[in-house]
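Per-chain numbering from 1; labels A, B, C and D assigned in written order.
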Amino acid sequence: MTRTTPSPTVDDLAALVPDGASVTVHKGDEPDVPMALGLALIRRGVRGLHIVTLPTAAYPASGMLVDLLIGAGCVASVETSGISLHELGPAPRFSAAVKAGTLKVLDATCPAVYAALQAGAKGQPFAPLRGLIGSDLLRHRPDWKVIDNPVAAPGTGPDPIVVLPALNADVAIFHAARADAEGNVWIGRDRDRLLAAHAADTVLVTVEERVAGNFFADEALAAGTIPAALITALAVVPGGCWPMALDGSCDLDAVRQYQQAARSDDGFADHLRRALAGQAVAA
Amino acid sequence: MTRTTPSPTVDDLAALVPDGASVTVHKGDEPDVPMALGLALIRRGVRGLHIVTLPTAAYPASGMLVDLLIGAGCVASVETSGISLHELGPAPRFSAAVKAGTLKVLDATCPAVYAALQAGAKGQPFAPLRGLIGSDLLRHRPDWKVIDNPVAAPGTGPDPIVVLPALNADVAIFHAARADAEGNVWIGRDRDRLLAAHAADTVLVTVEERVAGNFFADEALAAGTIPAALITALAVVPGGCWPMALDGSCDLDAVRQYQQAARSDDGFADHLRRALAGQAVAA
Amino acid sequence: MTDGTPIRPEELYASTIADLLAGVRNVAVGMLSPIPGAGALLARELSSQSAGPATRVTILGSQAHNRFTNGGAELFDLAGRGRIDAFFLSGGQIDGQANINLVGTGEYPATPVRWSGSFGSAYLYYLVPRVVLFRWEHSRRTLVRQVDFISAPGRSEPGVHRPGGPVALITNLCLFRWQREQGRFLLQSVHPGHTVEEVRDQTGFDFDLPATVPTTATPDAHRLALLRGPVAAQIAEVYPAFAQQVFRLSPALP
Amino acid sequence: MTDGTPIRPEELYASTIADLLAGVRNVAVGMLSPIPGAGALLARELSSQSAGPATRVTILGSQAHNRFTNGGAELFDLAGRGRIDAFFLSGGQIDGQANINLVGTGEYPATPVRWSGSFGSAYLYYLVPRVVLFRWEHSRRTLVRQVDFISAPGRSEPGVHRPGGPVALITNLCLFRWQREQGRFLLQSVHPGHTVEEVRDQTGFDFDLPATVPTTATPDAHRLALLRGPVAAQIAEVYPAFAQQVFRLSPALP
């Protein structure tokens, strides 16, 4: 098939995220952080997002992405097991918003986010998970229920266990190295992006490059591929996961500069203005 | 690390399967059928196996493997969503054993086998699954329970759903193309073997060949790899999945000959004698 | 009849299946289903020539028509998510309530005749909106008043989560439409060369019978060309024996 | 002291951690855990020189020490299966019941000080048999009578599935052993240069105090050589800044 329509841009992708949408982002130990798309969302002025971190945003670039969206006023609530700038310290706008009470946080634990998304990806209504009982996480999550294990061996006494409602985000956003001509996206052994694609209704992906051929023609590549059928829209955005690089390294100086700036409202506003301008120039 | 012990043989692997063990085998649309290991189990005279097919053994070679084990008297019970010789027709020893009442069958449906094994692989006690209600499968599976969906929205009326107890087999057995020097096994995009390896306590693998290097050094190969830590023992058995070939094709004539022979007790006994003798010569 | 070759029954059934798949976005084809596979591929060819949405076909066991990368569970996961719009089931027995039996005849568990098993039916029949039942042999042996074992029921009690279910039953005699509200089959059309009486004689269950029953539409020249051309070539990858027999197509050398 | 360089606190803590991991088959190291990582790698080096089972180390964020191929959930799946024998947790606050708080101080949810979040603690603390708590800063600010938010409790009610839990708490002053039966910490040893009084003054919770408290054993020359050699080289892959600072090791050029 020949493509008759021009390739979408990050702004085309951002236009597909409605106000109030729930959006999954990834933990950022892989170059999966869709920073360019995040800035496009800010530029488009999206409001009221519910961000779900899969299961954290606690590596420098992922923490910075979520912190930027919070600081820019795009986010009403987050469900997360951790948000920070990793070894650089706390995420400043996240901490400030929590303190100010302007951000609702649904605190979770990593395997709970996975289990809920896995249930969502399967279309099953819930997933059981050990642990949690006696924690304040559970106490503050009325959506999580404790039931008596229905398959416990008879006569063994009560066996309380938590069940988590399935989680289906409206939108999954992530970056990846490359897509093929058919629109399949290669992610290697980072299965989390495949999980997010299965669990979300709309899947928006930025890639470094689009290559000829088809990953399914090579069984080695096929093993690490998200099929095109799961992807709603795809934009080629080289460097779209900056400050991460494709080798998984991160420009820590850039994140440090962000962290410095974001300690104050004015500093953040100034940083954001420059970031959006810089991206506009680059785009 | 240098290897100081000789590589295990299929018979070494068969010795690790105790009488009465539950054993997973795969559906056989990939060259994953451990025929040589199955014959070694018959040779060692294993008894009382509980075979779990993941989720069926309904391709020619997989159906033949399970049928051979049943015919040889190794199997007390099967949990399956389907056993046949695919387009060649029924699996003769399976059908005969059911009719004779000498084989207990736990009839299942494919996603139930997956869901139960996935729960087992996660160490969670059960998994919910839609469907099933009103079927005779459910009626004959007292281990499957119907509960009221504990996370249903209030005021929406009862929402019955089946929960399946987690399934952890004692042993997983399968064939694969190759292992690396560290003992990692490459399976490509056939995730079912990875699932079986996670869900079983003992994992016995035959491979066509062992290659130098490490699959984790190549992110493309890593994406389709079972880590060595999950594998209990590994034997190099070229052609270990015959009558399948590594390209996924199957020697249908061989399966047809088996099917003809296995229609009678004598024919089966004769076939088995020759198969074991032939393998002993080859080994 | 592109080349004057008579229409084969397989071509008639595949064409009828393609009609039932009109407008479908995602259709999956399970094991041992060459005719449904051909029907699905025909629907895809037709959709690519229409203004509507393209039909995507997944065929289990195919390399060319299988983009799954999450193991054998992926089909069921997608169905649970409502992402499989159409699927095919069959049965050793099918009854008038659209219950299907893939397990065996007589008293379970020591069934005198044992079939292979229920496969994914006890799940997909509930979840996939358009399930097409296909059973070549139309007889009182196969289409029974009540199945001996319910692998999957045709309908469910109120309150049971059931977005999916049967839409039609195709046999070598006719096409039945499933009436979800009434819970009964309706004779929609009789295949060329067969009669309503024959259907009535050979069917073990009651069904609704309109005053006039049309003849099942045969594929026109365009459809036959598609079936005998691209569809035959594609189905040969998974079902070489079928392709050879029906379309006289030998498998390509590797 | 292989080369006369004084023992650094990080080396003492890593060596103490290695003692706590003796005989462990599978240890996993989570995020932001360079000292636990060094301790685990030291335990692995020691195990490879002993007759017992080899210790396998998985370090999140590492390429060389990560064989996971099933996504981020694999660590938790393995823990659920009982296949992770040891793990490390910390806390902005830790109390005398071994409850840990990774969320923040004050009244939840608008915590005046907000930390990053609970990560996997509310699961792994229950499932992993040997959880080692490590918190560098030993003060009444960090070791409190009662945490403001329980990310994960130190113990559970009878009937709650809990094969795992804490075994010890290491700080910059001492090593506490957790007594599961009593539900209390016991002061096991005090680090060189520090005193029992200092520990008592700086600890916000009650703990059991034996009549005599030994000094924490410092790593011998063999251990120091391992730490400064292979362990330093390996930990530098994940924590280059840490390796540079503690072991004066610059990251290798790619």
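Miscellaneous remarks
In this section, a residue touches a chain if its C-beta (ideal position, glycine included) is under 8 Å from a C-beta of that chain, and two chains touch if they have at least 3 such contacts.
Here is each chain with its UniProt name: A, B, C, D = CoA synthetase.
Predicted, not measured: the structure shown is a model, and the values here were computed from it.
Chain centres were defined as the mean of their Cα atoms; on that basis the chain farthest from chain B (CoA synthetase) turns out to be D. Chain geometry summary: the mean Cα position of chain B (CoA synthetase) and that of chain C (CoA synthetase) are 29 Å apart. Taking each chain's centre as the average of its CA atoms, chain C (CoA synthetase) and chain D (CoA synthetase) sit 59 Å apart. Separating the centre of chain B (CoA synthetase) from that of chain D (CoA synthetase), both taken as means of CA atoms, is a distance of 40 Å. In chain D (CoA synthetase), the residues touching two or more other chains are 68-70, 73, 76, 80, 127.
In chain B (CoA synthetase), 115, 122-124, 129-130, 159, 161, 189, 194, 222-225 are the positions where the chain touches two or more neighbouring chains simultaneously. Chains touching one another form the pairs A-B, A-C, A-D, B-C, B-D.
Residues 26, 56, 63, 67-70, 73, 76-82, 127 of chain D (CoA synthetase) are the ones that touch chain B (CoA synthetase) when the two sit in their complex.
Partner chain C (CoA synthetase) is touched in their complex by these residues of chain B (CoA synthetase): 27, 29, 54-56, 58, 80-84, 86-87, 90-91, 94-95, 98-101, 104-105, 107-112, 114-115, 118, 129-138, 140, 157-161, 189-192, 194-195.
Interface residues of chain D (CoA synthetase) facing chain A (CoA synthetase) in the complex, by the touch rule stated above, are 31-32, 60-61, 68-73, 76, 80, 102-104, 108-127, 149-153, 156-157, 159-161, 241. On chain A (CoA synthetase), the positions that touch chain B (CoA synthetase) within their shared complex are 115, 119, 122-130, 143, 145, 147, 149-152, 159, 161, 163-166, 187-189, 219-225.
Those residues of chain A (CoA synthetase) lying in contact with chain C (CoA synthetase) across their complex are 121-124, 184, 194, 198, 216, 222-229.
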